[in-house]
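Consider the two complexes below, in which subunit A is the common component and subunit B and subunit C are the respective partners.
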Partner chain A sequence: MKVFVNGYGFLGKLLARELMDHRVSGVKLVGVARSSGYVHRDEGLSPDDLKGDLSDSEVFTKGSALSLIREGAFDVLVELTPTNLPSAEPGLSNIRAALSNGIDVVTANKAPIALRYRELTDLASSAGKLLLFDSTVGGGIPLITLRRLCMRGDDLLSIRGILNGTTNYILSRMQFEGLTFELALREAQNLGIAERDPSLDVNGYDTALKLLILANSLMGLDRGLEDVRVAGITRVTQEAVAAARESNMSVKLIGSVDGEGKLLVAPRLVKANDPLCVHGTLNAVTFRFRIARDLTLIGHGAGEPTVSSLLNDLHQVVEFRLRGATSA
Partner chain B sequence: MKQRVRLTCALIDRPGTLLKVLEQIALAGGNIISIVHNREIITSGYVPVSINVEFPDPQSLERARKGIEGVGVPVMGAESLEKEMAMAIVVGGVRLDSLLSELESRGYRVIESSTRGYGEALTVKLLMEVPADRISKLHDDLASIAERHGALAISEV
Partner chain C sequence: MKVFVNGYGFLGKLLARELMDHRVSGVKLVGVARSSGYVHRDEGLSPDDLKGDLSDSEVFTKGSALSLIREGAFDVLVELTPTNLPSAEPGLSNIRAALSNGIDVVTANKAPIALRYRELTDLASSAGKLLLFDSTVGGGIPLITLRRLCMRGDDLLSIRGILNGTTNYILSRMQFEGLTFELALREAQNLGIAERDPSLDVNGYDTALKLLILANSLMGLDRGLEDVRVAGITRVTQEAVAAARESNMSVKLIGSVDGEGKLLVAPRLVKANDPLCVHGTLNAVTFRFRIARDLTLIGHGAGEPTVSSLLNDLHQVVEFRLRGATSA
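And then the complex of A and B:
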């Protein structure tokens, strides 16, 4: 199975290394792309192709990899370009082109899935292709796979969780070190936990996108960003965090969807003994099922653990294709 | 799940009307706990009556409500008698007396309130008694009040 990784930043490099180490049986890495160009070898990349910034490779080609996608030059696209709002580009066009040209898609790019969920899943369904996106939410926590593979007989009634590690780190530092929001943010930026432009995280929109993905894919809803009531953490003060702490609670940025399909992102008070009350960069999500009741998953929501979800999604593609070959 | 509610009805001041209401409650499976029927208060020919009832489930309450209205008696309210305690924090330049009166008017009883900071950093901590059937509405209500004051509401999950 020929795999092409589109997006050669932190995640793309880690994933490419794993694939070069043959961590997914039956998978061959045939190309990677960054914004300035791509390397592609139909027989599989050599380690030399991935040295430096790709441009040193003898097969480096300037420009976008979209033409390769349109040619159907590989079997699976791993779409890892950055999340852009409100356009969701270039990821949206890449995924559309891949599915339309017989290519399965695995992606960690939130925007296309959050903003065009119905369109893209309909396209995948009509093309008979897979569109897997477990790595868009919760990093290494298998939220979507868990629901789809392990809880199929149950009804999912509601979801709530900490879906953004950056804001959880900032709020934790405010709680345990008494830092102001501004100081905690600067510290997070210095440590590489927060981006230079942290607005998507601290204003709550990263959480809103992830919540939309969970609500639409796991609860069968058809909601857009305009349906989410969003409040970020920029106005959370030291005084508020201290007042919560006095009552054995923590202020956490919580994304929630209730049984009526109401979507909310807001700083909330979480009791210290609630399993959701995790600190630092951890994520935690509580699913409420009709039969199984509450199920909480905790884990690292970004960075390297995300590669674990990407690899699992690639394994699912391999198994799907093998089943297809067997049934044929 | 059992529900204890206070049904408030507006009865026409005519013999037998209260009996019709009680029949509808019994038919729906409600167990009457107490009745306050103050015939000295008559407004436009109507007498308010408060009936505390335990229903076996929310569907029974709805059946009783429809039954009562079906015999021509308006149901003015059905307030839960089950209460939960909830904490909340409001951050921003909100006036405490105004915040408290708006919360009370929406059925939230503020048990304790304290403030710290000032101006935009003013932080109000509230402990409230909330009717069980309004607990899921608390965040929306608090957020809309806070937004009107240019403040941020932080409620319990």
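And then the complex of A and C:
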């Protein structure tokens, strides 16, 4: 199975290394792209192709990899370009082109899945291709796959979660170190936890995108960003956090979908003994099921752990294609 | 797919009700057995067959269902007889007979899986049958399926968990209400949380059995009960619990498998902000993965939520058989 990784930042580099180490049986890494150009070898990349910024490779080609996608030059596209709002580009065009040209897609790019869920899943379904995106939400926590493959006899009634590690870190520092929002944010930026422009995180829109993905893919809804009531954490005061702590609670930025399908992102009080009440950069999600009742997953929502979700999605594609071959 | 439920206690009754409501597409409930006898209709049971203790049904037959299993009279055995040590009977004989006679097995009975893991999985594998047991550990938390289907690109390095809700309830009451072990145990018994003979729970052997299942099925080990160092909670004093609380910690009965494959069950100190530190009857397990790092699952370890795991295992059997039919 020929795999092409589009996006060669932190995640792309780690994933390429795993694939070059032959961690996924049956998978051959045939190409990697960054914004300025790409490397591609149908017989599989050599380690030398991946040195530095790719441009030293003898097969480096300037420009976008979209033409390769349109040619159907490989079997699976791993789409790792950055999340852009409101265009969802270039991920959206890449995913559309891949599915339309016989290519399965695995992606960690939130925007296309959050903003074009029905269009893209309809396209995948009519093309008989897979579109997998467990790495878009909760990093290394397999939220999508868990609900789809591990809880099939149950009904999912509601979702509540801490889906953004940056804001959780800031709120935790405000709670345990008495920092103001501004100081905690600056600290997070200095540590590389928050980006230089932290607005998507602190205004709640990163959480809203992830919540949309969970709601649309796991609860059968068809919601857009305009359907989510969003409040961020920029107005959370040190006094409010301290008062919560006095009452054995924490202020957390919670994304929730209730039984009526209402989507909400807002700072909420969470009891200290609620399994959802985790600190630092951790993410946590509580699914409420009809039979299993509350099931909470806690893990790392960003960084290297996300590669684990990408690899599992690739395993699913391998299995899906093998099964197709068997039954054909 | 013809399903037979062997064991008609709390879980068996709830599962039978779900199956009669046609919750699992493609599944027909053809029989149910209790210790004194069974009801069986090849065309599917009627609601009247399941009234009371089964003996009012016109198809009630006295005696064991083992003869039906040996005839291969159905497709899937759901084995729900009680856990007995050290014999693992009657579950062990039922599972052996089923797998040897072309019947897939789903079970919530810990003893056969914990004590005869290699024998039974070898038997299933050579017979080309499924043996699924996610409901034996962590009730409604899909621990086995999560590791197998959601984390396939990752390596599991170690496991640490609260696997017994009864002891967690007792320790939580000692911590938060200042009760002694004896008083907390009596309260748990009055509430139906602890059994009249609570020894398997409080001496740690229930946790040890579950730990063996996780270690052998998820970490490729081949360990027996004699390989587990087991200490229970009967000697945990109110003073020790109170001292832990003073230091922002809790005493928890932890089952663990480390990187060297050592299995240990013992009361351990857990920090209050560790995701594993859950209270009441909740169960919690932290898997440490090479890439995803720590992933914690928290949920209900006993009672009705366990039915959710049984249903998901049944869905897996349906899918497996459909796939077999397609590729044949």
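As a convention for this text, the second predicted complex is superposed on the first by the 328 of 328 C-alpha atoms of A that agree within 3 Å, B and C clash if a C-alpha of one lies under 4 Å from a C-alpha of the other, contacts with A are read in each partner's own complex, and residues count from 1 in each chain.
Note that a contact is a pair of C-beta atoms (placed from the backbone, for glycine too) under 8 Å apart; a residue touches a chain by one contact, two chains touch by 3 or more.
Just so you know, these numbers come straight off a predicted model, no measurement behind them.
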### Task
Please indicate which partner A:235 is in contact with in the superposed arrangement: first for subunit B, second for subunit C, both, or neither.
first
### Message
According to the stated criteria, A:269 is in contact with first (subunit B), second (subunit C), both, or neither; which is it?
### Response
first
#### Entry: Chain touching more of subunit A, residue-wise (subunit B, subunit C)
C
### Partner chain in contact with A:244 - subunit B first, subunit C second, else both or neither
first
### Task
Mind working out whether A:73 is in touch with subunit B, subunit C, both or neither, as first, second, both or neither?
neither
### Task
Pick one for A:254: touches subunit B only (first), subunit C only (second), both, or neither.
first
### Task
Using the touch definition from the top, say if A:183 reaches subunit B (first), subunit C (second), both or neither.
neither
### Message
Going by the contact rule set out at the top, does A:127 touch subunit B (first), subunit C (second), both, or neither?
### Response
neither
### Message
Using the superposition on chain A as set up above, list the residues of subunit A that contact both subunit B and subunit C.
### Response
none
### Query
Inside the complex, what are the residues of subunit C that reach subunit A?
18, 23-24, 134, 140-142, 145-146, 149-154, 272-273, 275, 278-279, 282, 284, 289, 291-300, 304-305, 307-312, 314-316, 323, 326-327
### Summary
Within their complex, subunit B touches subunit A through residues 87-89, 91-92, 114, 116-117, 121, 123, 125, 136, 139, 143, 152-157
## Note on the structure
Note: in the complex, subunit A contacts subunit B through residues 160, 229, 231, 235-237, 239-240, 242-244, 247, 249, 251-252, 254, 256, 258, 264, 266-271, 274, 276
